[in-house]
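Step one of this worksheet: look at the structure below.
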Amino acid sequence: MFQPSSPISVAVLGATGSVGQRFMSLLDNHPWFKVVALAASDRSVGQVYSTASRWVLAEPMPEWARGMTVVSALPEAVDAKIVFSALPADLAKNIEPKFAQAGMAVFSNASSYRRADDVPLLLPEVNADHIALVPEQRKLRGWSGSIVTNPNCTSAGLTVALKALQNNFGIKRAFVVSLQALSGAGYPGVPSMDINDNVIPYIGGEEEKVEWEPRKMLGKLNNNKIELADLTMSAHTNRVAVTDGHTVCVSVELTQPTSPEAAIQALKSYLAPAAARDLPSAPKPVIVLRDEADRPQPRLDRMTGRGMTTVIGRVRPDPIFHLRFVVLSHNTIRGAAGGSIYNAELFVNNGLL
Amino acid sequence: MFQPSSPISVAVLGATGSVGQRFMSLLDNHPWFKVVALAASDRSVGQVYSTASRWVLAEPMPEWARGMTVVSALPEAVDAKIVFSALPADLAKNIEPKFAQAGMAVFSNASSYRRADDVPLLLPEVNADHIALVPEQRKLRGWSGSIVTNPNCTSAGLTVALKALQNNFGIKRAFVVSLQALSGAGYPGVPSMDINDNVIPYIGGEEEKVEWEPRKMLGKLNNNKIELADLTMSAHTNRVAVTDGHTVCVSVELTQPTSPEAAIQALKSYLAPAAARDLPSAPKPVIVLRDEADRPQPRLDRMTGRGMTTVIGRVRPDPIFHLRFVVLSHNTIRGAAGGSIYNAELFVNNGLL
Amino acid sequence: MFQPSSPISVAVLGATGSVGQRFMSLLDNHPWFKVVALAASDRSVGQVYSTASRWVLAEPMPEWARGMTVVSALPEAVDAKIVFSALPADLAKNIEPKFAQAGMAVFSNASSYRRADDVPLLLPEVNADHIALVPEQRKLRGWSGSIVTNPNCTSAGLTVALKALQNNFGIKRAFVVSLQALSGAGYPGVPSMDINDNVIPYIGGEEEKVEWEPRKMLGKLNNNKIELADLTMSAHTNRVAVTDGHTVCVSVELTQPTSPEAAIQALKSYLAPAAARDLPSAPKPVIVLRDEADRPQPRLDRMTGRGMTTVIGRVRPDPIFHLRFVVLSHNTIRGAAGGSIYNAELFVNNGLL
Amino acid sequence: MFQPSSPISVAVLGATGSVGQRFMSLLDNHPWFKVVALAASDRSVGQVYSTASRWVLAEPMPEWARGMTVVSALPEAVDAKIVFSALPADLAKNIEPKFAQAGMAVFSNASSYRRADDVPLLLPEVNADHIALVPEQRKLRGWSGSIVTNPNCTSAGLTVALKALQNNFGIKRAFVVSLQALSGAGYPGVPSMDINDNVIPYIGGEEEKVEWEPRKMLGKLNNNKIELADLTMSAHTNRVAVTDGHTVCVSVELTQPTSPEAAIQALKSYLAPAAARDLPSAPKPVIVLRDEADRPQPRLDRMTGRGMTTVIGRVRPDPIFHLRFVVLSHNTIRGAAGGSIYNAELFVNNGLL
């Protein structure tokens, strides 16, 4: 496999936020990438990172980051080949294209460009081939750089599960209900008074994303266009008092009905496309099946495969559709920063840098 | 309305457990009923209640209960007209019929007799007319007493919501996903190590109950038989770190599709059957509609209508079925002890004692 | 006792915040007071209250409040005899004196004037006589109105406990460690990511308040001056994941050592000064002693005496000082809004309006 | 340093409980030890471990453990040189001596023998020299094996902090208030209904242990006897809703008063005794000082030094004694299983096996 002759320079935009911190933690000791710039909002610019950031992860702040000076989120302030963006969607919309135009490869967690026809919405273990949109994007937009996005944190694990079923049995419709972790809302995010001893049965904009994003990722690339998968979804999204790890209850209608046993077999044996299989951040394995009656659970299962593996359990018949099951994935690793890094690895490995 | 000339004597079986405690708290100052006996398992018998019980409610233990001596859960140890049973299902199965045979009217929270053809599964605001099974039951079983059951705590609020829709639009199928409170598992119930910073996506036996019980309550009484409603349900049940209040996400297919606005109107204007409307424990109103984007929430809404009202919000179109919404009800009040007391009030008011 | 011939007009400053909401909930159906104005920050002014406020209490928003238009926190915008201030300390410092100058009686939760020599820091069940500073304050400051403050939420219950001991045995030194509820930090307050599965062993400015405020309240009024009690305190303050109710572990050195039994007797029989005993918000009783090994607990005991009673347990010998025990009180009722209303009742009853 | 020529055989008693599981997780890939037997209560005996144990750790069950057959906690059923005991105190009392008599070196988490004169109560980074009691113990009791104990989980980190201060300034008295994690109560342990949205200000037997155990560990070994340190402690112990990590607020009186800065320097530079410094489980470093205003915090700091490091913060003057600060340590790693393994390493390295 690819091994860069020297480390590839990367920057993190939105480095002081919770997803930004996760990026830095995951990039610590990365075999290919070296963080050379940390960018954040104006009130942090000029401060050293250890002062500018209120670190919220249990993993310690990497030593190399402590003394780095935070710079502006502008291409002229950043000299890197790859840019990981943990910016909020409204800022990302204007800022990310500037980096792409300046020749940098942007890997974004923001929702701003997920629906753009020429922007890959990428889970390498699902739709590695969609990376082929990049040359088209460059041509269309006249960029020497590019933007590649990763899905919303709930869509990530869900789509991995659906993909394994789609490949084997086809999927037509799905009901999904999420129980989402606090870290998905960033920091300061959800006030403790709102969630202690409570559930919030609403997350703004989330249901629309969960109902649409899997259709693009499960879609076919044809002639430089992605045909959305012919799949109808209904999503209810809820916030619960869990630090990390989104739990999703799913009922699916298949094109070819099958037994839970056959579905379990298909999920268990699912492999990432060859191009995405051996990358440094590739989930090993892509899917873990738990056979206990009461798993997966976020506290116990979120760190499976260093937080990149999708964990599935309770596969059983559904009285209305064909199958139902529970999916768990780590929302700030597989569902955010880890996914973005995995995307960048695929990109580099495909020679697109 | 009915007003007894003197208080009606009642006993609580399983008085030391968490549902037993809720019974006692709700029976404190009840206008019709007076608790004359507290029964529990052998290890509590002979102790005064304040010693035998580890009180887990925020409402204080009623003064009259402190010094009562706990008796055996046997008809010969209890001299009461009405018996509220908070026994576990395996014990209830053998014990409750003995009380019925001895002439007492048993109102049970246990699942043991919910599926029996001649036993009403009762939510007075939904199917007050099913109480008419009681004379038939007495005849069939040769009892001078009777058994009346209330549904599982998740089925309760859910069925109230479905009933209002059924009356107006008919219902055919429903997906339901619950986020259930800790008190639903009794005491000691769920270990804190299992639920702190966690979700448990499984509650033993619960999904089967949620998929079946509403069908009986929404069914028609014909010729002393209940025809199950022609309704197919798929349930996923989850435990979350909430003290009280079950939240349920519901997607429904109607016989006559309608708009969210019309559904809201139907839910809001739903009235209990006349016989159940003015009883002491009747929910006032039966349903409250919240119009905020993020309600109902268990901490904020569970005590609506002193815990007897069903609270509904987020009524909106469903991409697969017709409508989706969120239902909240208090699991140990409307979903357990309060519901059972309401059943007894209907029973007494109907002259069945 | 006093009964006003017509309701006394009151206003709430900072009405949209969490303490402001608690004021409104407690003033709902108050026998003496009628809310005529709700004031808040500029971004709320002109909106109706139901729109301006994100209601965070489980008790519903009072009906009369929903349609009231929020006004500015300026005396010219408010026509009331009494003003309850739930303003943050920095704003309170400038705004409260304007109301006092304009002739209104201000009852403040803010810390801004607690240390002023001529401002009573008041717990009616402890130091009702300190209200006598008001005429002096008016003279000194040339105000027709006045400012009366209540202590920090942790000092409140703690000082009630210390007062009962001081009266009987004298107190010299105390170690106190608090486990404080989330609502004490207001709304949005503590981010859930900071407190879920966690403890924060620090609350800014809190330890200084807890070490000083009890000295003023336990001090003697002499010649219109308060002599601080000769008491040395050491406080550690912690935030825990509890919605309401501050728990405080206390070890005290007494002037006259005594047994736990005698201390329990002194605590149990403590009565508020006569002037404060029968007011509408007076705690009944002032102190409740729990004799279980593991009480008081916030979830179970915070609503004792409608949230106004101080609950004490685990009174036992201390290996270093003389006694140790646990104190619990409701931080937004006895420790904030309820305490302020109680102060106003004492004020009115003493003919100071 | 010592390196065994072949792996040393070890057994775990009480292997199915939560501390037992932590032992197995920490022994996975241990450089010196190899688990050859898992013992538990009769109802587990004969089952394979994966069936017998309800695994509650986020770290996965070691592969080698899944298929091992659980044996009785009797010396004749166990062929190992070292035995790690996670038995409850009442069972440990009778069972552990049998293993010692049979020639095995028992390392116990139970409190049963902590107070015995001839049994080391050991924290290697504090009192490694106390291991010298072992030969005396063997002689006195006629055992070819031995028992070595580790302290209660709250005493562990606390004593490390006190030791560093004792060495430099001497210590006379200390007030300590703990906020203890759920895992300290084992499994099922604390019912979620007791701790959700709550604090329990009581842990049975804990305060006595915390007030006594540090005195033995900080005591001097003289002539094969330990003279208890001349230190008076007052402890309040509380349970909070945290999965792992005990937080302790401490106020100390020193023999030679000093400044916070000097204390911080002493804590930071504390080194384990040479014999304990380079063992596989030695904390690296022994103490970490956090300089943020609000640290240490259990969720963020418990895994410092792989859970073996004691984390201290908020070192500041105390108004009554000399200094106050906050100590955090991982209760099931440094405070239980990890500490026991560290003890065994010291024992083996000292040639006592």
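Labels for the chains are A, B, C and D, by order of writing; each one numbers its residues from 1.
The rule is simple: contacts are C-beta pairs under 8 Å (C-beta built on N, C-alpha and C of every residue); 3 or more make two chains touch, one makes a residue touch a chain.
Fair warning: this is a prediction, and the values are worked out from it, not measured in the lab.
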item: Partner chains that chain A and chain B have in common; value: C, D
item: Topological distance between chain A and chain D, in contact steps; value: 1
item: C-D or A-C - the one linked by more C-beta pairs in contact; value: C-D
item: Distance between the centres, which are taken as Cα means, of chain C and chain A, whole angstrom; value: 47
item: Geometric centre distance via CA averages, chain C-chain B, whole Å; value: 40
item: CA centroid of chain C to CA centroid of chain D, Å; value: 42
item: Touching two or more other chains - residue numbers and ranges from chain D; value: 56, 196-197, 241-243, 299-300
item: For the chain D and chain C complex, residues of the former touching the latter; value: 173, 175, 177, 179, 196-202, 204, 211, 232-234, 236, 238, 240-243, 247, 249, 251, 293-300, 313-314, 318-321, 324, 326
item: Sites on chain C touched by chain B in the complex; value: 55-58, 60, 196-197, 243, 299-300, 302-304
item: Touch list for chain C against partner chain A, complex; value: 18, 56, 182-183, 187-197, 241-243
